[in-house]
Every structure is written in structure tokens, then in C-alpha cells.
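Handing you this structure, nothing more for now.
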Amino acid sequence: MSYAKQMLDTYPRDFNLDAQVLAAAIDALADCAQACTACADDCLSEEQVAELVKCIRLCLDCADVCTATLRVLSRQTGYDANVTRPVLEACVAACTSCGDECERHAQMHAHCRVCAEACRRCDQACTQLLAAIS
Amino acid sequence: MSYAKQMLDTYPRDFNLDAQVLAAAIDALADCAQACTACADDCLSEEQVAELVKCIRLCLDCADVCTATLRVLSRQTGYDANVTRPVLEACVAACTSCGDECERHAQMHAHCRVCAEACRRCDQACTQLLAAIS
Amino acid sequence: MSYAKQMLDTYPRDFNLDAQVLAAAIDALADCAQACTACADDCLSEEQVAELVKCIRLCLDCADVCTATLRVLSRQTGYDANVTRPVLEACVAACTSCGDECERHAQMHAHCRVCAEACRRCDQACTQLLAAIS
Amino acid sequence: MSYAKQMLDTYPRDFNLDAQVLAAAIDALADCAQACTACADDCLSEEQVAELVKCIRLCLDCADVCTATLRVLSRQTGYDANVTRPVLEACVAACTSCGDECERHAQMHAHCRVCAEACRRCDQACTQLLAAIS
């Protein structure tokens, strides 16, 4: 069982979201933040770095947005859907843009293929959580 | 002149946003992220910490969202309004919720008054930037 | 296989550290950053929050230091041991202090027990990586 | 007066560090984190991006370490010198490496000159704070 799920299981009060869906989103966000940080760095090491500039930028953005979203979702106390919902929407937008761009380079660069997969899984997990909120 | 403005002035290409409005937003985000981090900590030091639990939580969220937004806005290369816009909207939402909550404690706790002010200024700066984008 | 390991396996060049040890550290850092963020929040929800103030503070510090360390370690390009080493040392220090404090509350609060375990595992993984560097 | 100083002035208890020196470090860290984030992006926009790969990487590391350090220093509650000291040492190391690398490109790229200056000022402010701690 992931630490995210263990931490939810030991939360001292009830909370507003389904624990399985929430833990899945937290785990997918951690994977995506790490993959995007690494993919930006991998792109920097490619000879064709000049062609990967947009990919690097979107990976850096996606890593930052996923990290913030992961932290907001890791908190249940004083839950405020007015914050959680737009944060998740911003995260879905970042994962979509970054996943699209990485996919364009997936055949040429294996790290972009793996990163695109992490972005798609994160996008889906956040979308599923958004559906559970609204 | 702030470092944000100096960095924009030395950017090697043209970019899509007004430098004054953008630098003002970046500076307000840095102030708000710091004030929220400190206010959460100040609340932890209050004897009535149990009454400030929601305030602490919203300050932590707001600090995380402002930090991510500050980083996204500090990048001009490969600009993607589909990411920048929802990130700014999430930030406005976080600043509004946090500013409202801090304001409720502003008369009792000076740090909440200062933090509420930082949230309001950040909210305005991001809203102004959003207007320039759409 | 974790995304950290997959990303290392698709890195386009050789790099300076053992991939297994490095991936283990990255995964442990992600777990610890999340567990500490959640544990700080769990503590906020406890009736005895006033007794958990030091625990909350150290959890917040540990989450921030682990997140920065995770990002530094996720980059291989332009590797600089003069940065990586002190960053890992700071992370070990944060995990030790936070793990010690969480352990003091482990019998009373299950989330502190789980978080202490995440801190210890991260401490060990970073210490092992440090040994491989120096 | 900066928000960092205002937040320190409204902290409800006594704390362990000189408020002027501490506020100066927090402000320098915020400037350095932002300048490094922007400089990494500026480098990405240069035609000679391939020659700036090490600079980009060190700027990203420095931004992450400064952000974590800024947050640790913004907390006074439950102060633990065993965490604060190595975190500051790691930050000085990151600012030194990044400042040295940016300085090598300062004549060619104005953004590297501004960023090197932000790194040097941050390095000094953190070194001064370290002296006040030990």
C-alpha cells in the first residue's frame, strides 16, 4: 500500500473525498512531478536540445503545478472545494499540454514517451477526482 | 527595480505579456507565498491554535499555489496560455479563500492582518494579469 | 518499475551514480515529502494540536527539504557533487529531526508512526547515496 | 518594509535569530529563487542553448534549494538549529556553484549577469545568518 493511502487511513477525522480515488491521484501526481523534472533534464542532455525547448518548459511547469496540487490534496483539514477544484483544473491543463508535447517526441526520445505516459495517467486521475468533487 | 523586472528586461526575445503587469504579479506572488508560510507558522505559535486550524491550512495551500504560479510566470519561453490562464485562476481562488480567512482573524492577530493584505494584493495583481491574457 | 527508475533508464548519456541506489533515494524522498505533508495536516486535526506544534513544524520543513532534494537528484545533466552532497546532508538532518519527533508521538498517533517510518527509510536511502558519492 | 520583516515583527513569541539579518536572508532568497527560475528560462531562449546546459541545470537546482531554505527560515516555531544550519549550508553551496557558472556567461548574456548578482547577494545573506547561528 502506498504511503498516500496509509496516511489517509490514519487521518483522525472523516474527510470529503473517496480515499481510493484520492490516493490514486496523489500517487499519480508524485510520479508525474518526478517524471517531468527528469524529462526536462533528459531533454537538456540531448544533442537536439534546441528542438526540445518547448518540451523542457512545459515539463518544468507541469512539475511545479503537480507538486503544488499534490500538497493541496494531501491536506484534508479545513477542506475548501473552492481551492481544490481550480487547482485540479489547472493541473489537468498542465498535464494535457505537457503530455501532448512529450508525445510529439515520444518516437525519437524514450524519456518523452515515459513522461507522456505519466502525464496521461495523472491527467486521468485528477479528472476522476474532479468528477468526484463536483 | 525588482529582480523580476530586471530579468524580464534582459530576456533575449519578445514575449507575450506586459512587462510591468507581469513583474508586479511575480513580486506580489513572492510576497504572498512568504507571508502565507510565515502566517501559518505564526498561527502555530498562538495559544488559540485550535481556532486557527482552517487559517493554517489555507495559508499552506496558498503558499504552495503562489510558489507554483510564480515559477510558471517567470518563464516566457514556449509560452502556453492554456497553462498560464488556469494556473492564474487557481491562484486567485487560493488568495481569495486565504485572504477571507485571514481577514476574519485580523483584529485579533496582527500577522493575519499583514497576510490578508498580501493575499489581496496578490489576488489583484493576478486578476489584472488574467485580464491582459484573455 | 518506478517512474524514477524508468526515467534513469532512458537518460540519453552516462551518469555518475548507481541507478538502483539513486532511484531508491528518489522514491523514498517522494514518499517522505508526501507523508510529512499529510502528517502535518493530520496533526492539525488532532484535539491535542497544541502538543503537536513542533511535530507540525518539522514535518513542514522535512517536506520542503525532501521536495528540493528529490528535484536535485532527478537531474543528471551538468552534475555537480558540490551541490548534491550538502543538499543530501541537509535532507538527512531534516529526516532525522522529523523522524525523532514523529516517533515520540507514534504510540498515540498512527499517522506519526507511518510518517516516522517514511522519514527513517528516506534517511537511510539518502545516507546510502551519500556513501556512493564521497 | 518588506513582508518578511513585517511578518517577523508580528510573530507572537520571541525567536532565536536577529530579525534584520533573518529578514535580509529571506528577501535575498526570494530574489535568488526567482532570478534563477527566470535565468534558466532565458538561457532556453538563447540560440547557443547547447552551451548553457550546465547553467540551466544549476539555476534549476539553486531555485529549488533557495525556495526550500526560504520556507524553513520563514518558520520560527519549534526552531531546530540541527535542521536550519545544514539547510543554509546547502543553500550557500548551491548559490556559489550557480553564481560561478552564471558569472562565466555574464559578459555574453545580461540575464546571467543579473542572476549571478542575485546568487552572490543570497550567498552573503545566508553566510551572515549562518555566522549568527553557530
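So that you can tell them apart, the chains are marked A, B, C and D in the order they are listed, and the count of residues begins at 1 in each.
By our rule, contacts are C-beta pairs under 8 Å (C-beta built on N, C-alpha and C of every residue); 3 or more make two chains touch, one makes a residue touch a chain.
What you see is a predicted model, and the numbers here were worked out from it, not measured in a lab.
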Moving step by step between touching chains, how few steps can get you from chain B to chain D?
1
Contacting chain B as well as chain C are chains A, D
Based on mean C-alpha positions, I'd like to know which chain lies farthest from chain A.
D
If you average the Cα atoms of chain C and of chain D to get two centres, how far apart are those centres in Å?
21
Can you compute the centre-to-centre distance for chain A and chain D, using the mean CA position of each chain? Integer Å is fine.
27
Multi-chain contacts in chain D: which residues touch at least two other chains?
41, 44-45, 53, 56-57, 60, 67, 71, 75, 77-78
Graph shape for the chains shown, where an edge means the two chains touch. Line, ring, star, complete, or other?
complete
Could you pull out which chain D residues touch chain B in their complex?
2-4, 6-8, 10-13, 26, 30-31, 34-35, 37-39, 41-42, 44-46, 63, 67, 70-71, 74-78, 109-111, 113-115, 118
In their shared complex, at which residues does chain B touch chain A?
53-58, 60-61, 64-65, 67-68, 71-72, 75, 77-78, 80, 82-83, 85-87, 89-90, 93-94, 96-97
Contact residues on chain A for chain D in the complex?
40-41, 44-45, 47, 49-50, 53, 56-57, 60
